[in-house]
Structure formats: C-alpha cells, structure tokens
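Two complexes follow with subunit A in common, the first pairing it with subunit B and the second with subunit C.
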Partner chain A sequence: MRRYFGRKLLIYGLTFFVAVTINWMIPRFMPGDPVQSMLSRANVAQPAAVEAMRAHYTAMFGFDLPLWQQYLNFWGALLRGDLGISIWLFPTPVSDVIIRAVPYTLGLLIPSILLSWFAGNRFGAFAARRKWLDNTVLPVGYVLTATPYMWLAILLAWALGIVAGVFPVAGAYGFDLQPSLSWGFVGSLAEHWFLPFASLFLVAFGGWAIGMRNMIIYELEADYVNYLRALGAPARLVRRYAFRNAILPQVTGLALQLGVLVAGALVTEIVFSYPGLGHLILQAIQNQDFFLLQGTFLFIVIGVLIANFVIDVAYVLVDPRTRTGMGEAA
Partner chain B sequence: MRYEALHFALRNRKLVAGTVVILVFLVAGLAGPLMFDHGPNDYVGPPMAAPSGEFWFGTTTFGQDVFAQFLYGLRATFLVGVLGGVLAAAVGMVVGFVAGYRGGWVDELLTMLTNIVLVLPALVVLLIVNAYLGVRSIGVQALFIGLTSWPWAARAIRAQTFSLRSRDFVDLARLSGVRTPRIILREIAPNMSSYLFLTFILLFGSAILIAASLDFIGLGPTEGVSLGLMLNNAARWSALQLGLWWWFIPPGAGITAIVGALYVMNVGLDEVFNPKLREM
Partner chain C sequence: MALNVTDLRVYYRTLRGEVKALDGVTFSVADGEIMGLAGESGSGKSTLAKSLIRLDGRMRHVGGTVELDGAAMPLSDDDAMDEFRFRKVSLIPQYSMSALNPTRKIGRMVGELLDSRGERPDRAELERRLELVGLSKDVLDRYPIELSGGMKQRVVMVVSTLLNPSLLIADEVTSALDVSSQKAVATTLLGFRDRGLVTSMMVVTHDISLVYQIADSIMVMYAGRLAEKAPADVLVTAPRHPYTQQLVSALPEVGVRYEDRRLAGIPGSPPSLLKPPGGCRFRDRCPLAFDQCAEQPPFAEVAPGHLVACWKAE
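So, the complex of A and B:
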C-alpha cells in the first residue's frame, strides 16, 4: 500500500512540475508577444510612455534575464504565493482574486459531482436488465452525456429562468443584497445556485448511469454470479455483489472524468455569470489578463491533483485488494 | 467473416440509426453551404427575424442567417472532430503499442508520461495555449486537442497489447525474425482493429465537445463559424434575454445529435464485433 501511494504521489508531483513548466513556457515560446499585446491594449499614443510601459512589463515578466534564471525566479515567486498582479482588477494580487472566486466554484462542483455520481450509479444499477427501464434510461442517458454543458445550461436558463421566470439567471446572489448571514441572503444564494447545479448534475448523471448499467450487465455474466444463482441465492443478493464489483471502475472513472467535470463547471459559470473560476477565466481572456489566467490554471491543476488523491484514498477503502497489495490498482 | 460482420451490422438498430444521423449531418455540412449565395457571417436579412420560409432558422440580432451559419458550422465541427480524433488516436496507438509490446523501462517511462497527461485537465491547458495564440484556426485547435486527449486511449491500447504480446502467433513471428514495427502492424493491430475503431469514435466525439467548449469561452477560430462559436455569439449578444431561441437551440442540438449518434454507433459496433453482447 505504501508503494501504491508512493507511486501516485510521484505522478502528482511530476504533474505539478509539468504544469508549472507549461505555465512558464507558453508565454515565452508561443508565437506572439505578450508584452506587445498588453501595450496595444493600453492604447497609449506617446512613444515615451510606450517605452516606459514596455520596460515595466518586460521587467514584470522578467524577460530581460537569462532563461534559466527566469525559470528559477518563476518557481521562487510561486513558492512565495506570488502569482502576480491582476490587470483586470488592478492592483489586486491574482491570488486574492482567485481565492475570492474559489468558494463559488467548489460550491457548485462538489455537490454536483458527488450527487450525480451516487444517483447515477444507483439508478444505472437499478435499470440494468430491467427491460422497460433499460429502454428508456439508455437513450436518455446517451443524449445527456452527449449534451455540451453550456448548451444545457443555456436551455435551463432560458426555459426556467427567462420564460417561466422561476429562477434568476445571473450572478450568485441578488444584485440588491450584500453578503451577510441572513435568511434573505442565504435564500438568494440557494436560488441562484440551483440552475447551474442542476445543469452540471444532469449531464454528469447520464454518463454515470450508462457506465453503471453496462458494468452491471457485464458483472451479471461473471462466474461468481452463475455460482450464486446455482446455489439459489436471491436476486437482490446477487445484484448487491455485482454492484460492489461494478463500482470499482466507476471510482476510477470519477478520477478520469474530473477534467471534463471541471471544464463543464467553467462553461456553466460563464452562462450564468456565476462569479467562480470560469467567470474569472472569461474576464481574463477578454481583458488579456495573462497573470490571472495563468494563476487560475495553476489553481485548477492543484485542485484536480488533490481530488485525484482523495479518490485514490477512497479506492483503497472500497477495494480490499489494494490494501493487501494483491491487486494491481489502476 | 467479413460478411458475417456486415450481416450483423445491418441488423443492428443502434448502429444503423447512429450512422444515418451522422451521414445526414455530414451531407448537410458538405452540400448545404452550396445552396447559399452569401457567406455565413454576411448581413442578409432583417435583424431578429423568427424562423420563416426565407430564413429557416431565423436571423441573429445583426441579421445574419442562422441556417447558413449552422450548415457552415457543421463543417467546422466535423473537421475539428476528425482531425483531433485522428491525431489523438494516432498518438494513443503509438504510445500504447510501444509501451505494451516493449515492456520494461520503455513501458515505465511511457506509462508515467500517459498518467501525467491524463491527470492534467485538458481543457484548462488548452485555454492557456489558445489564449496566447494570436491567430487561431481549426487546424491548430485540432492539433492541440489531439495532443491533450490521447492518454486514456493509450492506456486501453497498452492493456490490450499486453494481453496479445505473449500469444503463440506473436512468438512465432518474433522467432522467425520479424521486426518489431511489423509485428505490431501485422500481428497485433489487426487483432484489435475493432477496438481501435471504437476508440477513434469516442475520441472523435470528445474532440467535438472540447472544441465546442473552447469556442464558447471565446477561444475558437478567429475567422469563420462553428457550432460552438454560434453559442458563444448567442450568449454574448444576449439572445437569451431577447428570446431569440432559434439562435441558440440549433447549434447545441446539432452538437448533441452528432456526439450522441457517435456514442450510440459505438454501442452498436461493440455489439456487432462482440458476439457476447449480441442477442439483447
């Protein structure tokens, strides 16, 4: 088991290293000059002012140093928690901007991931090999997983928000409210939270239900199932055994799907102008705020790595074989 | 054997339905744009017109023909899906075959690489890359999608190769002095060709979805149209608030139909290739 975690941690460490390196490399080796694009955005006419700004931005990126020193400085700044200054919200440090947005994203992501996973697995296992349910669940599930996140979000916002007028479609709380711990504020928060949550939940739910249904059907063909049936075990017991085996690939699948789920949350936030990381990314792109974009990237990578590690721990808990070092864990 | 597969393929409702949907959209995307004498972004009609005989899907706030945009957008969507899917499948196959067949430290190294790319959230990496690109095209978009979405394919192919590696016919080829690339190409790949095809279809679908998300965030191709860009424009120019449902429903429905049809096709093909799954 120590070997299992050691390997995983090595991979995550390397991934973090690669992510930071990508983050450092892209502005430097991509075609196009970030300093130039910032200058053109500032739209200054006087040549003297342009030169002063160019010098300022070049020093800010550290472009005047040798490459290896730029790279070490980049790591140094990162370890001090210094991600630069946001241009969009000048002069707030990027890390402050991000930390303000993170709770909203987590508040959407964690419930939608966990609930869709549990509900999807339960439902998929229930539907498997039940003719009538199977014939309805399967098509619906495929349509849901094939739906782009932003489109479902747009449809929900339009149908329930604008046409029916039941839910608000923008922001995280009413524009007339100040954040406080009152019932009115919490209610408004929940009201604004529901639609983005629902659209994330639905798309992910379809995928889990299909995956689980297929796994259960596969498991019901296995030898141990035939043996149990031959012994005359009740169908419920057989299903419960199949479920315990079928859940393992779904745990691994959760780790594999994390990137897609995060991406889904980002675009959903954009649809609802929900002030999380997705909204930050949109603003960063529209305002050419590269520091903010890169800081958000690192934050998301760290979050995904932590989540992966949590799933690894969970895997050990649900699969006894990894604990005794028998099975080769995925 | 060929005929047997065809026999089951034509009788598989999922496969036939999925293929028909894909073909309809493909033909619409290829031939459809020919019936317009204006480009997808030209201002040709009255602004905000509802669907009518003249403009089948209505017009945008600026008077652009949504139906024309949709047909041109289908082209972009198929193109990015095919290019991204092919590239991802190619990288995944090379990495998977080599890692699975060679084993040893080559395998260790490639598996490490696969796992690292697997953990990195693809879309967020693509965001950073595309944000720094001044001019963005469908080709470059597909290139980067391909380079980031191959890992799970590589992992699956590696596992399959691993199980084929020690079969008798592979040993025989090795003993008779056949070179490694040839063994992989002639002995191993044909034995999992159906599997490779299924992998490609899934990569095709996911490339379309990733491209649509990128376009929606505003990092799509700088010129031209795609279904994702249509959604982006609709959201940016408040089609929702103005009630222009004909602007944002078709592009999303198009993507959903294409990707859903690919998934259903995938299940159907799986049943055709795998006799165990058939009778249901």
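So, the complex of A and C:
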C-alpha cells in the first residue's frame, strides 16, 4: 500500500514539475511584449518618461534577467506562494485575481462533473434494460457526447436565452447587482449559473450514459451473472453486482475525462462571459499577462492532479483487485 | 425416479432457421445415480444440460416434459424455474474459474446469494463443506482473485451443492484441468453423492475414460438424439450402437504402442442440425447402415438398463 501510493505521488510530482515548467514557457514564447502594451495603455507622450517606465516595469517583472535566472526565480517565488503581479489588472496580485474567479469555476465544474457522472451512470444502467429506451437514448447520447461544449452552449444561449428569453446569457449575476447575501442576488446567481451548467452537464451526461449502458450489457453477459442466474438469484441481486462492477471503468473514465471537462468549462465560460478561470485565461492571453496566465494554468494543473489522486484512492477502495496487486510488486 | 425426461425438444433460433439441437430425448436418472453424458461437440449434450436448469435467450423449448422428483419443471418459464434452481437442480458450470463475482469476498457473496433466495446462511455448515473439499474457512474472507483456479472450482462446487439439490449437473467440469486435478474433481463429485449432499448427478463430458471412473451409467448422444445408455462398464466393454463402438475404439488403451497401430477415428462428420436428414442420423457414417435406417430407430431397451437406438442392436 505505501509503495503504491509512494509511486503514485512520485508520478504526480513529476507531472506537476513538467506541467509548471511548460506553463512558465508558454507565455514567454508567445509573440508580443507585455511591457509594451502596458506602456501604450499608460498613454505617455514624452519618450524619456516612456523609457523610464519601460526600465521600471522590465526590472519589476524581472524581464531583464537571463531566461534561466527568470525560471529559477519563478520556482523560488512559487514555493513562497507568490504568483506575481497581474499585468492586466496591475497592480493586483495574481493570487487575488484567481481567488476571486475560482468560486465561479468550481461552482460550475463540481456540480456538472459529479451530477453528470452520477445521473449518466444511473440512467445508462436503466436504459440498458429497456429496449425502447435503449433504442431512443443511444442515438441521443451519441449526439450529445459528440457535441462540442461551446457549440451546445451557444445553442442553449440562443434558444433559451435569446429566443425564449427565459435565462440571461452573460455574466454571473445581474449587471445591476452588487455581490451580497440577499435572495435577489442568490436568485440572479442561480439564473446565470443554469445555462453554462446545463451545457456542461448535457455533453458529459451523454458520454457517461453510453459508457454505462455498454458496460452493463457486457457485465450481464459475464460468467458470474450466468452462474447466479442458474442458481436462481433474483434480478435485483444480479443487477446490483453488475452495476457495481460496471462502475469501475467509469471511475477510471472520470479520471481521464477530468481534463476534458475542465477545458470544456473554460470555453463555456467564455461563451457566457462567466467570470471564472476560463474568462481569466482569455483576458490573460489578450493582455499578454504572463503571470496571470501562469497562475491560472498552475491552479488548473493542481486541481486536476488533486482530483486524479482522489480518484486513485477511491479506485483502491472500490476494486479489491488493485489492492491485491499492491501486496506484491505494485 | 429422480429425473424423468420425456421427448424433450429444444431448438435454437438462428437467422437461417431453427437448429434442432435437442430433438426428442427420452431418458431417466434414478435416485443416487451418477450418469455420464458423452458426445462430440454439437451432439446436444450441453444443450440438454442447460435446458434442465436455464434456457439461454436463443433456446426455445419446443416440446416434451421434464419431471424432477415427481414435479413437472416449467422449462420455458424463467421465473417459475427459479423455485427449482439451486434447491432442486443445481449446476457446476464449465466456467467455474470465472463464476464468482470478482468484487465480492466469497463469504459475503454466498451470504447474499442465500439471502436473496430466502435461505438462512449457515456459516458452520459452509465451513464444514469447504473442509470437505480441502479448503480452509479463510477463503470466505478472500476475493476470487486471491484463489487459484482449482480453489475457485472447489468453491463453486461447494456453493452449487449447498442446498442439497436432487440433481446436480456438472457441465464439462474437468475440461480445463490437468489430469491430477481431473482426478481430484471426479473424486469430489463422487464424495458429494456418497455423503448424500446430492441425490443424483449428470456429468457432461467428452471424455468417456474419465466419466467411466465415477459414473454408474453413461449416455451417449449423437446429433441431437440419444444413441445409447448403459451401465458404465457395459457401455465401455460391450457397446451395442455402432457410433458408441467406434467412439470407444477410438480411445487410447494403456499398453498399446500407437506407433505400431494407428488409433481408429470415425470417418465423416455429423449432419447439420438446421435441416437434419430423416431416419437414423448416424446412417451416413455407419458401416452397418441398411434400408431400414431411413426410418428413425426407437430408443429401446435391449437388456436391463441398456437402451440403444439402432435397428441392428436387438
């Protein structure tokens, strides 16, 4: 058991190192100069003042150092918990910007991932046993899961937001409101939350339902099911066993799909101008904001790694076969 | 009489029509009898074994009756059959190695199975029976993956016989085993009968030499019909049906060097069961065939306990 988790932690550590390094590289090798864009935003006319500002900013962000020095400084700052200062929202620290956006992204992601996984598995298992349901659900499921997140998001925004006018299509709450703990604000929050949530939920739901339906049909043909049936075990018991065993690949699937879902949430946020991490990434790219981009990516990497680790632990709990493997050379 | 099968017909539905895998089979198995059921692939022996416990989706019960301990078994009614399964008729499947749910500890699985059938799990009895097949009670706290193939098979044998069924069907149980395990399984089956855990037994196999060691009688099937049923030693030493004769003569004998003498086979192959020919189905491969064979011979008793379906057997 300890060796297993030790090895897992090593792999996660390595992944973290590589991902963070790439995060550091991407903005720096993008075309464009963030200091230049800050200067043009400042709109100063005198060349001497511009030069002074350029020198000031360059030194402040550390761009005058050689690349390797910048890289080491970056790790040093990171280990102290310092993500730098945002260029776009100068001079707000990046960590503050991210912390303000994170609740919105998590509020979208966690319910849509968990609910779609739960509901999709339940529904897929249910559909596998009913022919007419199977025949209608399967094509719908395939269409849903093949739909790009942002396309469904645009479709929903157009149909339910613009044509039907039921839901607002932009922002996380009404433009006329200030965040507060009032019914009006919470209601507005829920209203704005629904469409992005629904577009994420539906796409993922289709995928899980199809996966589960196939797994259940496969499990119901398994030898242990035939044996139980031959011994007259009631369908209830057989279905319970089949569901329990069919869920295992779905747990692995959840680990694999996390990254895709996170990416889906990011583009969905952009469609709905939802002020989460996806929105931040877009702004960071448009404003050449190295530090914000780095910080956001870092946050996503940490989130996905933690979620994967949790799933690894959960898998050990639900599948005895992984536990047996650990006893030996895991 | 423990088991009475009368004119049983079970067909497979296929896209090209019905395959008459079991086409009018009549026999009985007495209380305490271990009957070997032999035949080549496609002879209908597995279909017969399955029909007695659970028809799969493609099988259709076309006609005939099965009586177990005086009660008619509703073969085509899957729900009503549940009353018989496990309690009256039980199965040791061919796939014993994968017959246990991989994600449940064995003890818990057995408990849940018994519970679901409305039986009270008796832990002490279960442990006693495991001991009988040479397993410690620790296996109940293990997952199937932690046991060897042979151990899993023994667990399945214990589970299947837990409710002391009248009829136990052992379907090709030794096919995947090495010879010493085959011997152990055969002895265990014999022990079940001798201890009264199982009243009668049907041992389905294609290995006559193995079933000969434990069976009281052997029944041979050919192309969906019965060819011959006789006490085990009679069937092996003095078979009457030409198919059985050739089958037995194809068995290797101890002491004979087959470098000198080639082992005899049976030329030809069994007929298609999609549209089987009328009359005796072995006719085309039979060295004794004559005009009367165009007519189906009855499965008639030629000596006490010896039944043969051949015109030349009287």
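In this section, the second predicted complex is superposed on the first by the 270 of 330 C-alpha atoms of A that agree within 3 Å, B and C clash if a C-alpha of one lies under 4 Å from a C-alpha of the other, contacts with A are read in each partner's own complex, and residues count from 1 in each chain.
We adopt the following convention: a residue touches a chain if its C-beta (ideal position, glycine included) is under 8 Å from a C-beta of that chain, and two chains touch if they have at least 3 such contacts.
Note that the structure is a prediction, hence the values are computed from the model and not measured.
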| item | value |
| --- | --- |
| Subunit A as common anchor, with subunit B and subunit C clashing or fitting | fit |
| Partner chain in contact with A:Pro111 - subunit B first, subunit C second, else both or neither | neither |
| Partner with the higher number of touched subunit A residues, subunit C or subunit B | B |
| First, second, both or neither for A:Leu258, with subunit B first and subunit C second | first |
| Partner chain in contact with A:Asn23 - subunit B first, subunit C second, else both or neither | first |
| First, second, both or neither for A:Leu155, with subunit B first and subunit C second | first |
| After the two structures are overlaid on chain A, angle v-u-w for subunit B, subunit A, subunit C in degrees (C-alpha centres, nearest 10) | 70 |
| Contacts of A:Gly174 with subunit B and subunit C, given as first, second, both or neither | neither |
| Subunit B versus subunit C as contact partner of A:Ile281, first or second or both or neither | first |
| Nearest-approach distance, in Å, of subunit C Cα atoms to those of subunit B in the combined model | 10 |
| Subunit A contact footprint on subunit B (complex, rising order) | 112, 115-116, 118-125, 127-129, 131-134, 152, 205, 209-210, 212-213, 216-219, 228, 231, 234-235, 240-241, 243, 245, 248-249, 251-253, 255-260, 262-264, 276 |
| List of subunit A residues in touch with subunit C within their complex | 222-224, 226-234, 236-237, 241, 244-245, 248, 318-321, 324 |
| Of all residues in subunit A, those that touch subunit B in their complex | 11-12, 14-15, 18-19, 22-23, 26-27, 30-32, 34, 37, 142-143, 145-152, 154-155, 157-158, 161-163, 169, 221, 256, 258-260, 262-263, 266-267, 270-271, 281-282, 284-286, 290, 293-294, 296-297, 300-301, 304-305, 308 |
| Partner subunit A, residues of subunit C touching it in the complex | 53-54, 81-87, 90-91, 93, 95, 98-105, 112-113, 116-117, 143, 145-146, 156, 159-160 |
